[in-house]
Structures are given as structure tokens and as C-alpha cells.
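Chain naming follows the written order as A, B, C and D, and within any one chain the residues start at number 1.
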Amino acid sequence: MADIRSLQDAVADLVHDGDTVAMEGFTHLIPYAAAHEVIRQGITDLTLVRMTPDVIYDQLIGAGLVRKLVFSWGGNPGVGSLHRFRDAVENGWPRPLELDEHSHAGMANRYVAGASKLPFAVLRGYRGSDIPTRTDTVSTVVCPFTGEELAAVAALNPDVTVIHAQQADRAGNVQMWGLTGVQKEAALAADRVLVTVEEIVEELTPRPGGIVLPTWVIDAVSVVPGGAHPSYATGYSTRDNDFYQAWDPIARDREAFLTWIEENVRDSEGALTR
Amino acid sequence: MADIRSLQDAVADLVHDGDTVAMEGFTHLIPYAAAHEVIRQGITDLTLVRMTPDVIYDQLIGAGLVRKLVFSWGGNPGVGSLHRFRDAVENGWPRPLELDEHSHAGMANRYVAGASKLPFAVLRGYRGSDIPTRTDTVSTVVCPFTGEELAAVAALNPDVTVIHAQQADRAGNVQMWGLTGVQKEAALAADRVLVTVEEIVEELTPRPGGIVLPTWVIDAVSVVPGGAHPSYATGYSTRDNDFYQAWDPIARDREAFLTWIEENVRDSEGALTR
Amino acid sequence: MEVNAARALADATTCFVGIGLPSTAANLARATVNPGLVLIYESGTIGSKPTRLPLSIGDGELAETADAVVPVPEMFNYWLQGGRIDVGFLGAAQVDRYANINTTVVDRGPDKPEGRLPGAGGAPEIASNCGKVLMVLRHSTRNFVQRLDFVTTLGHGGGPDDRKKLGMPGAGPTAVITDLGILRPDPATAELVLTEVHPDVTVERVRAATGWELTVADTVGTTEPPTPQELAALRALKAAGKPGKSGKPGKETR
Amino acid sequence: MEVNAARALADATTCFVGIGLPSTAANLARATVNPGLVLIYESGTIGSKPTRLPLSIGDGELAETADAVVPVPEMFNYWLQGGRIDVGFLGAAQVDRYANINTTVVDRGPDKPEGRLPGAGGAPEIASNCGKVLMVLRHSTRNFVQRLDFVTTLGHGGGPDDRKKLGMPGAGPTAVITDLGILRPDPATAELVLTEVHPDVTVERVRAATGWELTVADTVGTTEPPTPQELAALRALKAAGKPGKSGKPGKETR
């Protein structure tokens, strides 16, 4: 059953040095506030998992907390490169970054296998690609009925999955709607689940396209209005495209990045999420 | 793109002698009216696929139209046996019935593989069971990462899938809600798709729990109010439990069954679906 | 049986429910020992809170009162195989001394065709993946047999290590609740042992209704008779629905 | 490029759309040659009908105007791998003469670390499973290279049979639309051949911008200049959104 508690306490209890952490959200509902709390608490040596490491992971990588990244597309959507990600990969700054790199289809199926508690998933993918030469989490299986060789991808089972949703009720049941991406799979694949929400409501009203995660698959719910900013929460906010644009020059420069983190995250609890 | 047309024409065009046909619906939204049209047209030598061959398949089997049944649980839910199914299996009346028998988890995953256009699906299932000794659509695969041996089930790709839904718009987009079972998978796994609906609406309003099948994955939509009776359509009707009870003595007796089919299906277009 | 099955759910968070007796027991548990019990029906409903006993697993009220309704493949893959369900209920046409289950075919003698049963339904994976399994069925030599005609669903195989060898995550059947008493697997042998009888039932009567030489615990307990509260809750549930119609326990959702 | 890419969608029912130029082209096609075109974004929206050009594939309007929104795993398994998409769009950092694609890393010389690109995204399976693939990118020797530093996504491999040998269902890249002209694979060799140039572009200029010895069709056509209707529709789309911001074509949704 989920406890409803402060973000600070929830992160401290659920996210540990060395953990494999998935913070998911396909452009929508990205849990920025929780990532900033991880930065404030200096939780480090993380293996981060995410289909689209976005600005949220650029920040964690630049802050020096990340040992390894498991992903399929690393960019600032609609803007360009993730400069902190590139600096870590290309120059080892502030520390080297190990990569486990996949396609979107592969990553999505790795989460599906994780949620299904299977050791692997099967897809018709990676054919003719060099990707399998750089990872040990892609292999092949042969169909016992047709003899066709297919790609096998290893299950992803994060230690912790962190997501943002619109609403929880007092019992800790959570509902999200709009683009719900791969969050259900990421949550059900994980050992521990932290959900930040826009608000607590007396009763969850079923929504078109709504996904409900029952309280008994969640460890903690923290109320963080605007906790997805500069991403957004359908029904509560819109995407702050200006922020994504503004991030580019900040992230290009190491000093500018460090100053930004210091002023906007470390010194300023929740400053970004207002 | 789906054509909106009469049930008679749609069945005649889409369902052929010898086809593999899935009529799905987990208690809810079972496409009885379409099955009755198949009986009226005498379309035969069918391989029928369904997780829970219910009274709908008891009727088709008793009518002598079925060569083979692919299933995981054959009963009259809440009542007892399917007597026409048993008579066919045990006594070959009115013709022998070949069986391909699975567990629910296996059948659900066979549809998933079919919808994903994969030749097989993987599950942790059938362990210690004699089921694999009687079918050639269960095998094993070994996880290339952990060495664990898992069950593999062959994909199901019906020639035709028939389902019932609440609403379509004039373009042939379909929405169903309530218990939606395995219908999306069964439809996307099939070569051809026929959907009977309660009504045509000007615009599909997104519903909580609603599943939309776009018109371009459907071949025909037929308007058949009450087309799921004695099953039901959430928002339109309730399950006719009395019918399911009443079916038991009818189906126990070959003559009573034949008379019932004659009077209620063959002689009486749509009589049951009013 | 209903009351004892309901009591066995006192500690569960989540229960995978079949229609008939399991549904009655699970709803009775919600009304008595475990108001927070999460009912999960294989038709796709999670957290159903029906006010009357449903006749079928696809009853509209199950979906309307649920916390979430999910597609059937998701139910079997993410929730059941995903290890999210504490307790599963199973019935059986035949059970053997290791709580293995047959719901597929019965041998009716050399000159007769096999008798056809409903088949597996969800049972093989319920037995494999739920934290534990409760079995509920009537006690007779027809049901409690020396040798199954077909193994639909593995209980404990042939001994205490067989589930582990097969990599089955759950504990398997931990109790077989009948109209005569309760049998539980011996931890050392995995063989079912009579541990409790219902009031006024003799051990001899249970032996006579069992198709193998029944092992009996050194001290056989007697189950507590239903309390007035339990009986009232059961009556209320049945009055709200049409229990006579749902009839045959455990036959519907193997 | 937008107008030619939009025209290439005239016959499609469904199109898998990335942000940037593909999205502009697909929305322009809906406004001109193919009003019924079904736009599918990998974020999970099916049948989006945005009124302005979205900045990201997760724009709220894409979901709000969609016929259906599905989870991301379903999008890749049932819809893309399921063979439901007629046309996919791909950009590239590097493309070779067989329309193979690199979006992973570039070699920057012996003493320098590899240059990091965004990675694969959906591209390997888009190229494999869509009915056909349109590529859109700027024409320069930096992009059109003799040899890829890394094969992220297979186009035609090394010849006309390679896709079949690998069991790839779709036809692969059928056109590479650039700011200079259009290249199409030769059916006999699968090698890209310059078949059209845009008005006022010479063949020599295209050769000079290509990193391999470019094969040129016997008769090179000239693309039709944008019609007033096309230009008006494009202007209207851009005026409604903020096209300047979406900037880099095809870089966002590999």
C-alpha cells in the first residue's frame, strides 16, 4: 500500500546509491521534481533507464550521479542534442558514462518482459543493425514452430521506478491520462514505485484513456503540483517549450550548467516546479 | 476502411467454408447475432477459436458447422456443461470435433503474438501439465540470457474475427467499453474483421475504459441492436442470465436443440437479437 | 465451505476469484475478516466491490465497481504472471494426494469415450503464479482419486521439491477446503493430510470419501462453526444476489 | 523538401510520423493531396489531426485530436510490427548508397572520441516494418557518405536481396528526398540513383554534395515547383504553430 508522504522522505527511503532507476514519461508527465530531489540528496552511482533520456537525465548526468544509461534515443525533443549526455560520453565529464543502447521497440519490450516477470521478450527487430554488437542485452531466439530467428531482449526490472501522474486518492490509488507511454510497464517491472501527483482527490473519477495503478503496487505517493515541469500534465499544465529551448545554451557550457543546478535545484527546493 | 452493411451481406462476404473464425467477448459483448447468421447461411467446416466457448459455440457446434475447436475453457458460465460441445467430442455428433486445447494464459498470449505478427509468444506456463501432450501449438524456448526454459505458444491468426461493440461512427470507427477482454488482440490478429454494433453515432465520445478500433483495421460494420443477446452490451443491455439457465435443458437433448435452432435461428432472422 | 474459505483469506491483500464458491467466499471475506481484500476477476477487473454475488465473471457490476479494468492478456501477463496476486482459488473435477488437478477429461472405462470436462481455463498459471492456492470442492471418492486421468494443473507434483524444480514461483495449494473438513500438504512430503474436520464430521467419514489411503494429522482439529456475524453476512450477500442460480461452485472459471 | 515529401504521401492510408520535417510533410499532405491520411505518432496517438504543427511528439494536441491513444509497447508491437503502417519517415546523420542509416556515433578521427548522436529511437523497426520508408535530409558530403561509421538502421543492406534474406516485411527506403532532389533505389542493385532534381539544381551540384560516386538516371526529371495551393497550405500550417522552434528536421524521433 502506498504511503502519502513528502517527496524528500519518499526519495530518501526509496532511492539509494547504486540503484537502477527508471523515470519514465513520453514527453508528457516526466517526473522532474523527483529527479531534482535526487540531485539535492546527492544519490549517486545510479544506472538510469529511460526510452528517451530527455533534459531530466541531462541534469542528473551533468550532476555526476550517473554511472550507466540504458536508453534508446537521447535528445532534447524539438531542440537538439543533450549536451551533458554528450559531454559525459565523449569526454567523461564529470565522470564516464557507460551505455546500454537499444531501439524504442526493444526498450518497450524490455519493460513489458519486466512487468510480466519474464526474463526476456521477443520482437522482430535489430535486423541488420550494429546495435547488438555493443550490448549484451540483445540476443536471438528461434521460433520452435516456424524456425524463424527473432531478436530477444533482456527484461528490465528497475530497483525503483519514478513517475508523475495527475491524481491520487487518499488510499494512494493513482490515475494518469493523456499520453501514458510506457509508465504502467515501468512501474510494474520495478521493485519499488514512487509516484508524484498533481493533487489528491476524494475519489478518482474514471477518465477516457485513464490508467489506474492500485495503491498496492505503489510504495509512496508525493503531492508535487507542477512536478512534471518543464514537461506537462494533461488537464493541469502545458509543455514549457521555452524552457526546452532555453536549456540548450545552459547545457552547452559546464559552468553555466553547474550554476543553473546550484541556483535552481540545490539551493531552491521545488523552485523549478512552481 | 470498414463498409457499413447488412449483417447478411457482411457474413456472406467475409466468412467462408473452411475458415478459422474467432468470435470473442469475455462474457460481455459476445457476437451471437453474427453466429446465428453463420448458421442461417450454413457456412461450414469451420475452425472456431475462442478462450471460452460459450453457448455461442455450443450452437455452432450443434449445428454441425465446426470441424475443430481452439479453446481454453468450455462451459456455460454459471450453469454447467456445454452439452453440444460434449456430444461432439464424446460421441462425434453431429460430426467429430478436433480439439486444440490450451490454458487461458496461453490463449491470450497466442492472440497477442498474432496481433504483433510474431510467430509465437513466451510465457511461464503449462509447467507440469499434460496439456502439451495433446497439442502441437505448445513448445518451449530457452531464455538466451538466463537459461530458463519457458513455454512457447504458436501465434493465432484467424482468417476472420467477429466481435460486437457498442458504437461505430459513419466512417466505421468502432468503440467498445466495459469488459473488453481479448477483442483488440483477436481483431488485430485476423486477416478480416467484422464488427456488429448496437448503433451508429455521429461522433464517438471517448469513454473511460473505451477501446477504439479505427475503421482501417475493420472490413465491415453491421448495425445489430441487441446483437450480443443473451450476452450483453454495457450501457445498452444486461446479461440474460435466464437464457443461459434455459439453454441447459435445450442443449441436453439433440432433438430439442435442433428444434430450437430451427425455430429461433433458421426460420427467424434476428429473432433472438430483438 | 464458504465460511472456512472466507476465513482463509484473512491475511491476503489480493485474491484471484472464480465464480461460484470462490466468489462467495471472497465477498464474504470482504464483509467479515478482510474488508480491504482486493478482488481480481480473470475477466479483467481489479478491485471489484460487488454488492451482490455475481452470476458470471463477466457481470457488469464487477467492472462498474472496479478500481481498474484491464485487457485479458494484461491480466494474465502483468498481474497474474507478474506475481501480483496473493491467493488463487481453484476447484477440480479430480484431485490427487499431491493436490494435482484434473479438469480436462475423465476415463469412463475401456469401451467408452473419455468424458469431457471444461478444460484448463486459468488454472495452470493460477496454481503456478499466485502466492498460494486454496482449493474448494466437495469430498467424494469420485473427486478425491488415487490417480488423475489427466494432469491439467500441477499442485505439488509428486513431492515437496517438484514445484521448485519446475521453477514455479508460488507455494501452490496450501489448503483443500471441502464440505467435510480441511486438508493441508505435509511440509516434508507435500502429501495432503487431514488437519481439521467440520463439527460433527468423523475422520472415518472423511477417509471413506477419499480415494486414496488418507493420511490424518496426529491431532485433528475441528473447525469453528460459523459465527452469527458470518452467517448474517453470508445471508445478506445471498439475499442481494440470486445464489441459487450461480449453483455449481468452482466450475466456471478454471 | 516538405512539399515533395507531402506529395509522396498521396497514396498512403497510414503514416508513422516523426517531429520536424516529417510532421510538417504529413500535415501538409492532409491539407492538400491526402485529407484522409491517418497520422500515427510513436508517443501512442493514432489518427491525430493537429491544427498547428506540434513541437514535440508528445504535444497535448496530438492526443486530444486522436482517434485512439495507445500505450507505447502496443504502438510498437500491434501497430508497427503488426504491419499496420504504410509509410514511415526517417532522417539520418549519415546515409550510404544503399540507404543504410547511422544515427548512433560518428568517427571524428584517430585521436578523438566518437561523436555521439541521439541513437536509434524507433528507426530500426520503422525501416523494417513499415510498408515503405521515405527519407528526408539535407544533401551534403557529411551526410551522404561512402561508408557509415555505424549501421543503426538497415536500408537495403548491400543489395536488392538483403532485406528479404533478413526477413524484413516492408519494402524499405523507396525515396530519399533532399533539398537538392530525389534519389530512389535501383530495383536491380538497390543502389540509390538520382532520379529528380529540384528546379534550378544541376546534377553536378548533387554529385558534389554526395560522398560516393553518385549514379544518375538516364533521364533526370525536375520536380514540379510547389503550387500556390501547396504554398498557402504550408504557410497556414506554419502560421498556426511555431515552426521556427521545431527546427531540426528528423532529428527528434529516430
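In this section, a contact is a pair of C-beta atoms (placed from the backbone, for glycine too) under 8 Å apart; a residue touches a chain by one contact, two chains touch by 3 or more.
For reference, the UniProt names are C, D = 3-oxoadipate--succinyl-CoA transferase subunit B.
Quick caveat, the model's predicted, so the values are computed rather than measured.
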What are the chains that chain A and chain C both touch?
B
Between A-D and B-D, flag the pair that has more C-beta pairs in contact.
A-D
Could you pull out the chain whose C-alpha mean position is farthest off from that of chain C?
D
For chain A versus chain D, what separation do you get between their C-alpha means, in angstrom?
28
Whole-Å gap between the CA centroids of chain B and chain D:
40
Return the distance between the CA-based centres of chain C and chain D, expressed in whole Å.
56
Sites on chain C at which at least two other chains make contact:
77, 81, 169
Where chain B touches two or more other chains simultaneously, the residues are 112, 116-118, 123-124, 148, 184-185, 209
According to the definition already given, which pairs of chains are in contact?
A-B, A-C, A-D, B-C, B-D
Going by the contact rule at the top, pick out the chain D residues touching chain A in the complex.
19-20, 42-45, 55-60, 62-63, 69, 71-73, 75-77, 80-81, 100, 104, 113-116, 118-125, 128-129, 150-154, 157, 162, 166-169, 242, 245-248, 251-254
In their shared complex, at which residues does chain B touch chain C?
26-28, 51-52, 71-75, 77-81, 85-86, 89-91, 101-105, 108-109, 111-112, 123-131, 148, 178-182, 184-185, 209, 231-232, 234, 238-239, 241, 244-245
Partner chain D, residues of chain B touching it in the complex:
112, 115-118, 173, 184-185, 188, 204, 211-214, 216-217
Per the contact definition, I'd like the list of chain D residues that touch chain B in the complex.
13-14, 38, 46-47, 67-68, 77-78, 81-84, 169
Considering only the defined contacts, which chain A positions touch chain B in the complex?
116-124, 137, 139-146, 148, 150, 152, 154, 206-210
